Amino acid sequence: MSNPSGTRIPGRNFLAVPGPTNIPDQVLRSMVVSMEDHRSSKFPELANGVLSDLKALYKTTTGQPFIFPSSGTGAWEAALTNTLSPGDKVVVARFGQFSHLWADMAHRLGFEVQIVDVEWGEGVPVERIEEILRADKQHTIKGILACHNETATGVTSDIGALRAAMDNARHPALLFVDGVSSIGCIDFRMDDWRVDLAVTGSQKGLMLPAGLGILCVSQKALKASETATSRRCYFDLADMIKANATGYFPYTPALPLLYGLRTALDLLFEEGLDNVFARHHYLAQGVRAAITEGWDLGVCAKAPKWHSDTVSAIVVPEKFNAAHVIDRAYRRYNLALGAGLSKVAGKVFRIGHLGDLNELMLMGAIAGAEMAMLDIGIDVRPGSGTGAAAQYWRTHERTQKKPAQRQEKRNETRAAAVA
Amino acid sequence: MSNPSGTRIPGRNFLAVPGPTNIPDQVLRSMVVSMEDHRSSKFPELANGVLSDLKALYKTTTGQPFIFPSSGTGAWEAALTNTLSPGDKVVVARFGQFSHLWADMAHRLGFEVQIVDVEWGEGVPVERIEEILRADKQHTIKGILACHNETATGVTSDIGALRAAMDNARHPALLFVDGVSSIGCIDFRMDDWRVDLAVTGSQKGLMLPAGLGILCVSQKALKASETATSRRCYFDLADMIKANATGYFPYTPALPLLYGLRTALDLLFEEGLDNVFARHHYLAQGVRAAITEGWDLGVCAKAPKWHSDTVSAIVVPEKFNAAHVIDRAYRRYNLALGAGLSKVAGKVFRIGHLGDLNELMLMGAIAGAEMAMLDIGIDVRPGSGTGAAAQYWRTHERTQKKPAQRQEKRNETRAAAVA
Amino acid sequence: MSNPSGTRIPGRNFLAVPGPTNIPDQVLRSMVVSMEDHRSSKFPELANGVLSDLKALYKTTTGQPFIFPSSGTGAWEAALTNTLSPGDKVVVARFGQFSHLWADMAHRLGFEVQIVDVEWGEGVPVERIEEILRADKQHTIKGILACHNETATGVTSDIGALRAAMDNARHPALLFVDGVSSIGCIDFRMDDWRVDLAVTGSQKGLMLPAGLGILCVSQKALKASETATSRRCYFDLADMIKANATGYFPYTPALPLLYGLRTALDLLFEEGLDNVFARHHYLAQGVRAAITEGWDLGVCAKAPKWHSDTVSAIVVPEKFNAAHVIDRAYRRYNLALGAGLSKVAGKVFRIGHLGDLNELMLMGAIAGAEMAMLDIGIDVRPGSGTGAAAQYWRTHERTQKKPAQRQEKRNETRAAAVA
Amino acid sequence: MSNPSGTRIPGRNFLAVPGPTNIPDQVLRSMVVSMEDHRSSKFPELANGVLSDLKALYKTTTGQPFIFPSSGTGAWEAALTNTLSPGDKVVVARFGQFSHLWADMAHRLGFEVQIVDVEWGEGVPVERIEEILRADKQHTIKGILACHNETATGVTSDIGALRAAMDNARHPALLFVDGVSSIGCIDFRMDDWRVDLAVTGSQKGLMLPAGLGILCVSQKALKASETATSRRCYFDLADMIKANATGYFPYTPALPLLYGLRTALDLLFEEGLDNVFARHHYLAQGVRAAITEGWDLGVCAKAPKWHSDTVSAIVVPEKFNAAHVIDRAYRRYNLALGAGLSKVAGKVFRIGHLGDLNELMLMGAIAGAEMAMLDIGIDVRPGSGTGAAAQYWRTHERTQKKPAQRQEKRNETRAAAVA
């Protein structure tokens, strides 16, 4: 890469933003394809394969996945406009930039949005949602929007608990979940949690460039889409359902990304989904050891139960500007860290630890962040971050104890999904 | 490639559908990129460069180009929802599957659509449009939708004449043009024709995979977007305008395609836009020679003035099914021809002659179509198509006589666009 | 590509030289690899796999294949220096530029070379070789060098008959065969013909870039290598044997090519070797139909029994210079034809029809050659070449009648090779 | 990658062997090329360009570079056989596996080899060589073979001092230098030091896959080649000189590597050769800080004057086997370290710090080596290596103080080379 002044900075860029993530060589390679006729008799093999295998990724057998040529933002929109009618009321817990943006989108698309504000650093307030739902005797609330993993603060919410709260309140609202920075990284159980609309994108856990907005839709939500009157065309599920049924798409698909998705799914299944989740937890724990034990700093997430296994927002000491850490890391060490957004701008920098990662890639990010902090005057001991991470990783396993069983389980899920 | 039964068919697939088109090696190569932070201080160099250079592609200095992670269909939607309010009336000339689909989209998005049906094989009926506009004293018509090149029938309309008709009628409606299969192939003059919304996609003249919906918007249309009340969020121009102003995008962009676009624009400018158009005409003439002189068949376009330089729809003799030609060509000769759609299904097959093509690539397509026709019993003389094309190409120039002057002119346009 | 004057010539180059050949997308993609440690515990999986599978390519179970980072010329040298001692006598049939060059190499490397000159257009004169061997009662002749397929003239020799001649003469000389432009294209039977040293390169039937010199060596030749005193080091088999035994190479291997070779062999076996040979014959017949029936021209090969299925040398009418055809084809039509070399310079141009090819790729080459001939004044009818080829291809099968059986046989060979 | 047991190890492999080195994305991408005719009128542009620019790499205006499709070992052989006659005497200083292998090659190729053994960890004993040369009144010694950078021990010799010694002895022997792991990394001055034969390969400082053996030859050595009688053909300079003069190669070149070389040279010149050397020194110093200050271990090089800026051989404590560190690093941390070879097998592991590297890539290697050492029981403090490297890198500059001037100088050299 070249830096802004035009001089080449040698060596590989360390990409430690929470998405887009590093593309494995196999995936990169699989996207080097000639164009082909997307109406050919051969095409459905590719389309059907990835659509079917996405079910295993979502851990669903009854949901239906959709792939849009769009970013994840497009899948957010598809989820809303396909199932809600103008003026419909939704409840959104807001505790970071992405939960804010989704709420804002719902508002702009003409829905009534009840925002439940929570301090940034916490996640979905399950009890408050339950109260709100219990109070809604008329069932005017049509949907609950929840960010599974708030990328801006590094906070993971408990979607299973949210589902339980909805069940407790016996409320029929649809459960919308933003899984952009969780699906493929953190355990996500579409069927177990009866999620109705689960959004993700290609550029995070799926280890691809951006360009695919992915949405998985429950039968309940599909039914709702039949009567929802919001105007939609590009993102209309009905067109997709009709075309996908024959193995095609209603308009020209982003071919290289579909081939890349094929390979990415193969890699995830080869590793084993539960091993992928275990690895993300293991790597995240090492990064957190660097932050808290090594550097003696805190993360934005208020308590361990909110700790995200895909991204950590590191709070810099008060008198420093986190943006300077990021700038120094980028210009001097070729390391891309995530910025603090909105309320936490300048207060935090973020290390994404999701996707195709291992210990040493993160060691580079930790070492680079450490040097950048030292360079702008933050008092951390050289080697403290990498040392703490090393101690964690050396003494813990990357994968689960009983991969065989889990592998089997995954295969069952997948077999069921394929069947 | 493998055919549907799994046996490998050796050699290169000949892609003669009217999009996606063949990707030049330089473009393919330029998309082999590692992911990077799309919020970095380096990113704007890429974004600003392609956004600025798209102006030269559109031959505009006052219009503003937008790039959406979507297919061209998404750019259709963006054009409509950003400038029209619910119930607004638009007039659409319909003479093929794509003009039909755009009209249908306008209807589904909540606009009042007045369809002007024209026989498939003709293009925009400029006089009828002028009459309609003259009759609309109240200016209730807010937009005219025109398909510059109807991909389904191989018909090119005269957008300059349409603009003149609108001017003659002194009507303020916005001029919406679908340039998906024309821009970058057939001369397109955003400024000269005062087009307000010009739509294209990455997978045709731009020689890229699908995945970018591109829209160029006039100042008049930008002004209209400030008051248009259609619900929109993903495709909202306002978000794009704000983010683009700083060199960024409002959500994660499809990075490899942006790098590919950078290279594709470089290649187009290197050849010279007017040379690109001349080449498309020259190649199209050779294909038409094969069809009419070689095979003694006709094209769907009713008259030479409708002949498209990017796609020809070949009408097979009445007792034959064009789908059988396509099927035979694909399975036996590894040649992808375009199918007849809707009204012309089974009656025509299409040869796309757009994008990064030369004589011999089309010779392969012509020879393959010829063999496939013979194989299903259509009586054409072996070698007649290739022979007729050869005679045309041998006796005509691929580029314009005075490339120097035109090159200069292009540079002026580009310089103005960049300035 | 750009032509020499710097202007971009649009579209794909048609590569019709007899090597390097077109790289299939799958192979191209498989070479996009990061570097890795060639001493790692993982590396032998790759090395052992390709070395073992090369046996199936050579149809040998007892021979040992070697892979050198070199061109095929290097493998020529390896064959000679590993098995011969200074002053050893070899007999070489010379009937084209490549048989000439190999003879010349043997001379320069210090061996006594008895050249048997044959008219260019014929192949190995089996009877004369037999006579020479019968006359050599003292067995002073240590090797017979034969070019299986003379790339310069498009002549294929009968190696089985040569072996029979050697047997008839009861002569113990080693049989050296240059299979550079035959192996992987034309049936080659290392074991059946008891070939002792069989040379090939990566850039022909193996559909890879140049860079691998491949040599398969019989047990008899391996034994000879133990006492042969020619100086050698880089190409010394002993070093290779030792390192290969453990799954490694004595020096840094050309990694991307090894991965490409892995994929290329997979593709060949997937198609079935005998289907690959049948396809080459079928495609060659079509090209010959274009030349003789379409254009009414002749090939350099004097009789059908010498016809090569991988390259045809087309003789232009006497008053024309074949170099002008080549030059015109390249500059105007982006078609690379092979030049006439040495004795046939200016008299012939060559079309290579080997590697990953199909009918339409060759249609492009035939059409381009036809136009170039017309352009320089050679009187051929437009469309005559493509028409004649079309008629051949339409009325013949690309693969053998009973692929199932043959597939089985191949698997047996391969299984034996692997075992 | 997959580990030997077949389970996928996620994330990027850290390649810290001293070659092959990491390929920059730009170089990787530039090798994704279709094959082309290496006899075309366009080809010389590529060939002439890289041959000419290699002169700037070698800092020579009078030497002539040659590119062989081979590994660096082939270029070793080319250097010897082109300039020496059978029985000629050469003197070789031996202090590591690669100086040993080159001496061994000279012996096997039929030359008389006088070995000057030096303790592993030291470099060329300039004074002893001078003595030997002074004693050789008859000038029977025809060549001095010197390994500029002994990759096995991490020792760099002073070639300028060796030249001075030869001058002092007024001895006309040719100076052969193995610059495989120095050229493009450590300052190498072909002209200033009057090196006669300078060998390198593509897979080290040139950041390419293996496959090109590169040799630069002085006019004096070229003259010697005219009378040297060693048998040679594949590596014969005369054939190359003749073909290169017209912009071609005598046999099919390894095309993708030539395109890669074009890009690699561009990158080196863009950074500035002297900046490249400065960066290598800066990075090496950081690694050595990790080893000596952080881990309190030693390197194989006996004194700072022998310290190599491209590779460090770390001596493990006596009771440990360095092979266990390497094995652990590879299997658990996806880190490829270099093994100890021959005399130092098990005693050292090596970190290559050459090619397209930056601080964080080496941080990964240091952290991984540290964890692997800890895992097998070597007592180093977690974070000590990365901490020490961090302190060095934070407090030193990566590039030279006055790049402008040096850039200018480089341009002069290059201009001279091109002229």
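Each chain gets a letter, A, B, C and D, in the order it is written, and its residues are counted from 1.
Keep this in mind: a residue touches a chain if its C-beta (ideal position, glycine included) is under 8 Å from a C-beta of that chain, and two chains touch if they have at least 3 such contacts.
Every value quoted in this text rests on a predicted model; they were computed, and no experiment measured them.
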Exercise. Higher C-beta contact count, A-B or A-C?
Worked result: A-B
Seminar exercise, completed: Field rot_deg for pair chain A/chain D, CA superposition, rounded to the nearest 5 degrees, holds 180
Exercise. Taking each chain's centre as the mean of its CA atoms, which one is farthest from the centre of chain B?
Worked result: D
Exercise. What is the distance, in whole Å, between the centres of chain A and chain D, each centre taken as the mean of its C-alpha atoms?
Worked result: 44
Exercise. What is the distance in Å between the mean C-alpha positions of chain A and chain C?
Worked result: 52
Exercise. Between chain A and chain B, what is the gap in Å from one C-alpha centre to the other?
Worked result: 35
Problem set entry | Residues of chain B whose C-beta touches two or more other chains | 12, 22, 28, 32, 34
For this session: Spell out the part of chain C that touches chain B in their complex, as residue ranges.
Result: 7-12, 14, 22, 24-25, 32, 267, 270-271, 276, 279, 294, 333-335, 356-361, 363-365, 367-368, 370-371, 374-375, 381-388, 390-391, 393-394
Exercise. Any idea which chain D residues touch chain B in the complex?
Worked result: 25, 28-30, 32-34
Problem set entry | Touching residues on chain C, where the partner in the complex is chain D | 1-4, 12-13, 15, 17, 19-23, 28, 31-32, 34-42, 45, 68-74, 76-77, 86, 105, 108-110, 201, 203, 209-211, 230-236, 250-257, 327, 330-331, 336, 339
